[in-house]
């Protein structure tokens, strides 16, 4: 079973989720408030939109990077991928909720921010499980040495811990929590997803190129 | 005619349907009711969303499993697939209807739940017809022995009967009927779609797998 | 330039358009009117949804059948295809308009029905132009004899004339016009799109199978 | 890393964005105003929809033309492409905003038009950066001579300058600015995207085409 259709379906979900994010930007139309004021007062919608767009975009890049190294997929991976997509699909809801409540302050803003970070954390954990399952069950074209897997886990886990911190911070300052999820997105831009780490340290043991496997 | 584009179009429909499910989760925004209360009172929306997400996800997995065994498709299959997609496309409507009416109780809740289960039953029957047509007209790469086809039909049919039962139960208790469709989704996770059943009983005649490959 | 990406983009547009059709089915939620009454009073929405679903589904089947015979595409074809997609994208708007106004009767219902049929006619003409350009500029893998092209044009044109008639009938009886577009959809189910007509009459000149080409 | 999945994801985003443009056309339903009057009064929505549809369609054609010449893609290109998609995803918002405010006149109409043109300008600049990066880092199958690259940059840049002019004109006359973006769309229809320019001047060094193929 190759990963072509899993990728096509996932790309569809990523594409729809990232595009309908912008539906939440809509302004109310002509009324007592000028357009400039409306847009200014909607800043949480634009901020949340930008963070969510970046986060979905980056998880897509990492999904792409992970699956192009897959040698095969099984039924369990299809369902682990569905779990990831469950959180991706929830992002537009979480985004519109934080956009609506960020300026309310108090419990509502904190809860909205905690949901927002919670969905990102769920997405991040699902991706981690997908990665962990892949290297454990040898679904990858490139072999991971224990050291490389450990390093990859640590580097991936930093963002994960960041989202947990952002959930806690949501109850102190919802806006600060939104800023943190923006910083985590930037962290994942510069950080390569770990699937390509091992090429050089274990050139000999890479199963895709050794003569007896081909 | 290969199945590539049928799968691409179907994947698109599955992806859009599964993603717009979440549009229904949207809360009303700041008002007299706190966000926590709003979310708590919206539990039918979250419950129905989860069941529908799981059901579309699983039907996608089964669609994927079925079509990767197709050797060819014909015009009739394109239209049988469209019939399946007709019910898939109706799921967001059925989901938002049950979410809106589940707490109303009485006839409205029962009717909403019956529509919800009815759409799932329609999807399930369409999928069954697609499968039945495929093995009858020899569109599959793996041959089905009569025994394997019979077993597959029974195992697939159990979920189908479950949806019919859920329609009836909808008129007694709408919430119980929603729980049943969640259980059917779990049943289909663990149950392999029947298209891969024949490998062992007909090892010799299975064209795709020579003994040294297994 | 092969047609793979043209098909992928078109499939995406078809898939989104066919899926968001169902957004228009949404009922108002609990209120003075029972759910059963709401659904009953919304019959134009369900009727228009069914006709539009069938029409988009069938145009997708025909698009699929046409493009799998393409040997190459050029920039003009990309734009002719965009013209077709322009009308496809307009179908959800036309569908929600006729659904909203069919029961109003009078000028509003007639205008709504005429727009509905007009969008279908635009889609049908665009498809015809796409087909005509393809055989004229020899973009097809199978050659069309003049007789086969003439026959194909006639059979395709019947549905086209049907939509023109339906525009006229819209001003007499909007509901009758909706029924006619449903009948045209059924006509196109049974009618093969013309691209596969020539195999038998010109078996010798078919370029895809002659020895010196392979 | 080949460009297949980048194209699939981008096609999904283009397809969703171009299709949900039409959601903004929806009329209010039966009321004191006739359907004909409603449609007539909504002319900015139809005009903005047509311009945005054409613009997304054309950027898709150019994206398609650019990427089919790519020999490889890297992580930077994935993120440059995401930047392009960020602006594409913003088009439905910009379109509904100009549609809502064009007839208001004054500051609101100017601001709405400037946002509309600004999103197009952002999309245009992102595409330019994508192109510039591609030829600079030799990601293309066809080599660009300095002269060809210079000519391509000029021809592409004319549209880009057009959008900047349209932003300025938005503050003088919002409707005129909308007309200009329509004219730029027409300009890009007739203007080939520059990626195919070099075939003739460097026939010898063009790796993809041997003389007997041309």
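Lettered A, B, C and D in written order, each chain numbered from 1.
Just so it is clear, contacts are C-beta pairs under 8 Å (C-beta built on N, C-alpha and C of every residue); 3 or more make two chains touch, one makes a residue touch a chain.
Remember, it's a predicted structure, so these values are computed and weren't measured experimentally.
Undergrad: Given that chain C and chain D are copies and touch, would you call their interface same or different according to whether over half of its residue numbers are shared?
TA: different
Undergrad: Roughly how far apart in rotation are chain B and chain C when fitted on CA atoms, stated in degrees to the nearest 5?
TA: It is a rotation of 90 degrees, to the nearest 5.
Undergrad: How many angstrom lie between the CA centroids of chain A and chain D, rounded to a whole number?
TA: 27
Undergrad: List the centre-to-centre spacing of chain B and chain D in whole Å, with centres computed as mean CA coordinates.
TA: Going by mean C-alpha positions, chain B sits 38 Å from chain D.
Undergrad: Touching at least two other chains at once: which residues of chain A meet that condition?
TA: 8, 11-12, 15-16, 20
Undergrad: Flag every residue of chain A that touches chain B in the complex, lowest number first.
TA: Checking each residue of chain A against chain B gives 1, 5-6, 8-9, 11-13, 15-17, 20, 75, 78-79, 82, 85-86, 89-90, 92-93, 96-97, 100-101, 104, 107-108, 111-112.
Undergrad: Which residues of chain A touch chain D once you look at their complex with the stated criterion?
TA: 7-8, 11-12, 14-16, 18-23, 25-27, 29-30, 34-36, 39, 53, 57, 60-61, 64-65, 68, 189, 192
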